[in-house]
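Alright, structures below, take your time with them.
Shared chain: chain A. Partners: chain B in the first complex, chain C in the second.
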Partner chain A sequence: MLRVLFMLAWRNLWRNHRRTFIMLAAIGTGVWAMIFMTALTRGMVDQMISDGIKEMPGHVQMHNPEFRDDPSVNNLIALDDAELAARFEDAEFKAWASRVRVPAIVTSERDSRGVTLLGIDPVSEREMSFVNYDDVAGRFLESSDDKGIVIGEKLAEILETEIGKRIVIMSQDPDNEIADRGLRVVGLFTASTSATEETYVFMGKKTAQKMLGIEGATTEVVFLGDDYRNVDPLYDAVVGKVDGNVEISRWYDVNTYLGTMMGVMDGFVLIWVIVIFLALSFGLVNTLVMAVFERIREIGLMLALGMKPGSILGQIVIESMLLLAIGLTIGNVLAVITILPLQNGIDISIVADGMEMMGAASMLYPALYANDMILANAVVLILGFLASLSPAWRASRYEPVEAISKV
Partner chain B sequence: MSIVLRLAWRNLWRQPRRTWLTTGAMVFSNVLLVFMMSFQFGMYDLMIENTLKIFTGHVQVQAPGYLDDKKMRQTVADIVPLADSLRTGLKSNKVAARGITFALASSEERSYGIMIYGVEPGFEPEVSTVPGLIIEGEYFSGIAAAEIVVGSVLARNLKVGLGDEITLLGSGVDGSFAAAVATVKGIFESGVVDLDRNIAEIPLQFFDDTFYMQGAGHQISIFAADLNDVGDLQIDVQKMLPAGSNLVVPDWNLLQPGVRQAIQADMSSAFFMYFVLVILVSFSVLNTQLMSVLERTHEFGIVMALGLRPGRLGRLVLIETALMGLMGMLLGMLAGAVVTLWVAQVGFSIPGMDEMAVQFNLPATMHPSLTLFSLTTGPAVVFVFTILAACYPALRMHWQKPVEAMRAV
Partner chain C sequence: MKKPMLLLTLLLCSANGLADDDARGIVRAAIDHWRGLSSYTEMTMVIHRPDWERTMTMRAWTQGQDQSLVRIIEPRKDRGNGTLIDDNNMWSYSPKVNRVIKVPSSMMNQSWMGSDFSNKDIAKVDDIVDEYEHTLLSTEVVDGETVYEVQSVPNEDAAVVWGKEVMLISENHIVLEHDFYDQDGELVQQLRTLEVAEMGGRVVAKRQRMNDVATPDEWTEVKVNSVDYEVQIADNMFTLSNLRNPRD
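So, the complex of A and B:
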């Protein structure tokens, strides 16, 4: 019986092929737009989040509880380097590192700027740093004892300095005495936004500790897990290993803007898919109403011959689902073939400053997720099913005699 | 004409459900378009105004190159007399000179690197919202006073209150070592943590003395009466600059390229969405009109056989579509206006919006602003596309043979 209904529905679909083609074009365009737009925005937000996480870096961070409000060298982490190493040495994190992060001023003979000084162990941070060590002009730091300093290209431009020249870095020690020293610029890094290049300077961790008079102590510990979407296991593991006066935060606690972006993005995808579907649904329902209207006599006849109203309903619903399924196929294929050629990124540097304001880079890499595609397809099928119930129900309720005699 | 109109109107109501469904599609997208555009353009204006009001102004006078590099020695010479003459020339008080540098601010317990703005106490409140955001203490007593106004987070981090002293360490315009001690006179709070953490203001003459500016400064910030007058203002200011000076007068587009570009990026994605909506509605109209024409093939065949030219029939179809489009447009505008005005009344916010809003200097609750532009543009475009979509069914008449058509059931 179901086979017969399928066949009836399929043949009915092509009785008025013009109408079906127009509807398919509409559904195809709509579904394409759903997926295409979603992939673009997803790509942008993904990039923002991964850049943001790299800049932090890490998925989970540990600080003195006062530090995030008052990022001062006075708010050191209660555990010194030796204790941290003892606790985390054999932990199964993807990577972790302790670092000195303090505000500082850097001065060349030409100008001075406020920066964030990062005293790092280059080896342990290689995997999570936003700097690709191999792309650094000159060289990156080699060890915690490195006597050089690595700054961003934009900062070098502002300070009118270059590799091989000396600059002075100035901050405070825990007694609020000025702590400063001259260092030779050994490398220049590039980043996705010029703000990042202006903000960060890298020194060897031990060199920084010595300058600040805090040997063995750090202000920040960063931990990298496997998946930024699922940081709780990492968070719990870190919490389990420490005690005392420290604050442990997930990346979205540190950068709440990025955290909300992720949530807002999920909401946006759903709203966009539903809006497009609603715009389509008028046409869909209209088509079905027409299809039923044209066939009133026929339906009446089938009812009179003993076909059950349920079969009439099923027949119309199947027709609608077939229409949607073909439309969805077209839309999905279109989406995939338009997105694939863009995998290498779309250059949107023409609005680079605007993207920077949003925290995004000037290359846009569309991100096509199975989940988003499934969502779009599921919404169309489920809501489409619901929308076709009303005309189908109406058709199945016709009084046979009346229907047959309709002109 | 009136008979054609009447005919078209009656034809529409042969299939009331179909007409309503098609009109519904138009109304749906028109309501969305009106609301979204009111929301969007209201938001852009706020974004521009709020961003510019913090410090930037509509235009600035700067030394060439300062815009890109913001170097200490890229100065505007004799900046106070210049600002005075601009005020006289423009007959406006919304002109204020500033000096800007980085310095290490130290209290007894803490030191932080911050941006120091040297400002004219009498005029700064005219061009910046910061003086109005003072929550403790007050603004400067004079242009040479050794006083400082700091952001609330900075005050907390430095652990200073009103009357405490802050030492400023930096370099002068000639590269020499510069130091001064200032008393905290006021504390401002903008709610934007970056601003409240990183910025302090001191009187301009005190700035000059501390950093050896010798009368020079870095920017004069100027507001026009209205955002639309910026172009004229720019030209006026250019004319008033001293003869032979190489100073430049960038407008806010150059000063804050991020704002304009964020708007552009947002607009292009929004217009993509609008366009898709309009296209979907057009398909819906195309489908409906094609059906309604095909249904009437027989009827059309008869009237053509009676001598009616296909052109007139085509026009009939277009008029039917136009009537339907008009209904969709008017109802859509009406419903769109009602929805927009209602939301404008109660405000609109989505969870998580405050975080995003801060990034663009926007309030957490937004109110769309209904303008003639936002009310009419979307519906007008939908109307035009509706008519375009009906062209194919209307033109079909021309290759329809009356006899064949009459045979059609």
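So, the complex of A and C:
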């Protein structure tokens, strides 16, 4: 019986092939738009998050409880470097590093800028830093008592300085006295947004500690795990290793904007898919209503010959499902073949300024997730099924005599 | 016979001292001379811009290398504004907001009272002695006066942005010219002594002008109206309460 219904539905589908093709084009385009746009926004958000995490860096961070409200050199972590090393030496983190992070001012002959000074141990941060050491013009810091400073290309432009020149960095020591010294620029890094290039300067950790008069102490410890989407195991491991007056936070506690972005994104994809489907559904229902309306007489005949109303309903629903299935296939294939060539990134530097305000980079890498594709397809099939029920129901409820005699 | 001998020894010593005077000594002597052990100065500062000019009269007290207090007398609306420097710390007071503000490191590069001097220029004059490598470039005799040309290159870790500074210092310890060069050897800023006069028993730079080479019609001129050296300064002079409530 089902076979017969299937065959009937299939043949009916191609009776008015022009209308079917138009409908297929609509469904195909709609599904393509769902998947393609989702991939673009996913790509953008993914990159914002991963850039954001790299910039912080680390999936879990440890601070003095006061530090996040007042990132000053007074709010040091109660555990000094030796103590930290002893506790985390044999821990199974992917990477961890302690660093000095304080606000500072850099000055050249021409200009000065407020920056965030990062006193780091370049060896232990290699894994997690947003700076790829090999991409740095000049060289990156080599050790934590390196006497050089690495700044962003954009900052160098603002300060009108270059590799090999000295700049002065100025901050405050714990007694609120000025702590400053000159350092030679040894490298210029590039980042995905120029705000990052303007904001961060890298100094050797020991050099920074000496300048600030806080030998052995740090303001931030960062931990890198395996997956930023699942940081709880790492968080628990860190919490288990420390006691005392420290605050341990997950990355989405530190940067709530990014954390929210990640949560909102899933909801956004669903809403986007449903909105497009709503537009599609009018076309779909209209097509089916038309198809049913054209065939009132033959539906009446089939009913008169003894076909059950349920089978009529099934036949129309199957017809709609077939239409959607073909449309989905076209849409999915279209989406994949348009996204694949763009995997190397889309240059959107024309609108880079606007994107930067959101913290996004000027290259957009679409991210195609199986989950998003399944979601789009499932939504279309389920809602399509529901939408086709109404015309199908109407068709199955005809009075055979009335239907046959309908002109 | 004894007296001429003594005189001769003295002469020799001073000549010797001068010959020995390395470049650092020349610079140190110039700074010490300018500061004195303690001083009280009345001066006028003119800030000149292409479309406006502003004149301020102020009083300044200094003691030793590290302490100084500057207070504005005129114009009236700025009266009472003051700056206190003690060691490397700097505070400013404005009667309008009735607040003493410690000048944070972030503001050290900003202009001092809207002039072409930065807070750092005012607060850290002495650093030039110790944080630089000094070399004597030349010694010239101008109008019967020996003028030393000293080049000062900041140490690698000195908190100084300049590539080098060149000073012309006269034998009576007056800085006649002070040029600030960037690290490409290009002149960026210059301080010129326009007038030298004897005041308070010493020969001092009476009028000095600071300007950016890039903007020659923007300058700040400081003119010393009167100065007393080795004055008795009250113990409470360099305190925050005195900055806020002047008792002079």
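Simple rule for what comes next: the second predicted complex is superposed on the first by the 407 of 407 C-alpha atoms of A that agree within 3 Å, B and C clash if a C-alpha of one lies under 4 Å from a C-alpha of the other, contacts with A are read in each partner's own complex, and residues count from 1 in each chain.
In the analysis below, a residue touches a chain if its C-beta (ideal position, glycine included) is under 8 Å from a C-beta of that chain, and two chains touch if they have at least 3 such contacts.
A quick note: this is a predicted structure, and the numbers were derived from the prediction, not measured.
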Combined model on chain A: chain C and chain B, fit or clash: clash
Partner chain in contact with A:Thr260 - chain B first, chain C second, else both or neither: first
Chain B versus chain C as contact partner of A:Arg11, first or second or both or neither: neither
Touched partner set for A:Ile167, first chain B, second chain C, both or neither: second
Which superposed partner A:Arg181 touches (first chain B, second chain C, both, neither): second
Chain B versus chain C as contact partner of A:Gly114, first or second or both or neither: both
Contacts of A:Leu278 with chain B and chain C, given as first, second, both or neither: first
Dominant contact partner of chain A by residue count, chain C or chain B: B
Contacts of A:Lys308 with chain B and chain C, given as first, second, both or neither: neither
Which superposed partner A:Ile105 touches (first chain B, second chain C, both, neither): both
Doubly contacted chain A residues - partners chain C and chain B: 103-105, 107, 109-110, 112, 114, 170-172, 176, 178
Parts of chain A lying in touch with chain C, wherever the complex brings them together: 103-105, 107-110, 112, 114, 147, 161, 165-172, 176-184
For the chain C and chain A complex, residues of the former touching the latter: 88-89, 102, 104-106, 108-109, 154-163, 180, 182-183, 188
Complex contacts: residues of chain A adjacent to chain B: 16, 18-19, 22-23, 25-26, 29-30, 33, 37, 40-41, 69-72, 74, 103-105, 107, 109-115, 157-158, 160, 170-172, 176, 178, 256-257, 259-261, 263-264, 267, 272, 275-276, 278-280, 282-283, 285-287, 289-290, 293, 348, 350-359
Chain B to chain A touching residues, read off their complex: 15, 17-18, 21-22, 24-25, 28-29, 32, 69-73, 101-104, 106-115, 153, 156-157, 169-171, 175, 198, 257-265, 269, 272-273, 276-277, 279-281, 283-284, 286-288, 290-291, 294, 350-353, 355-356, 358-360
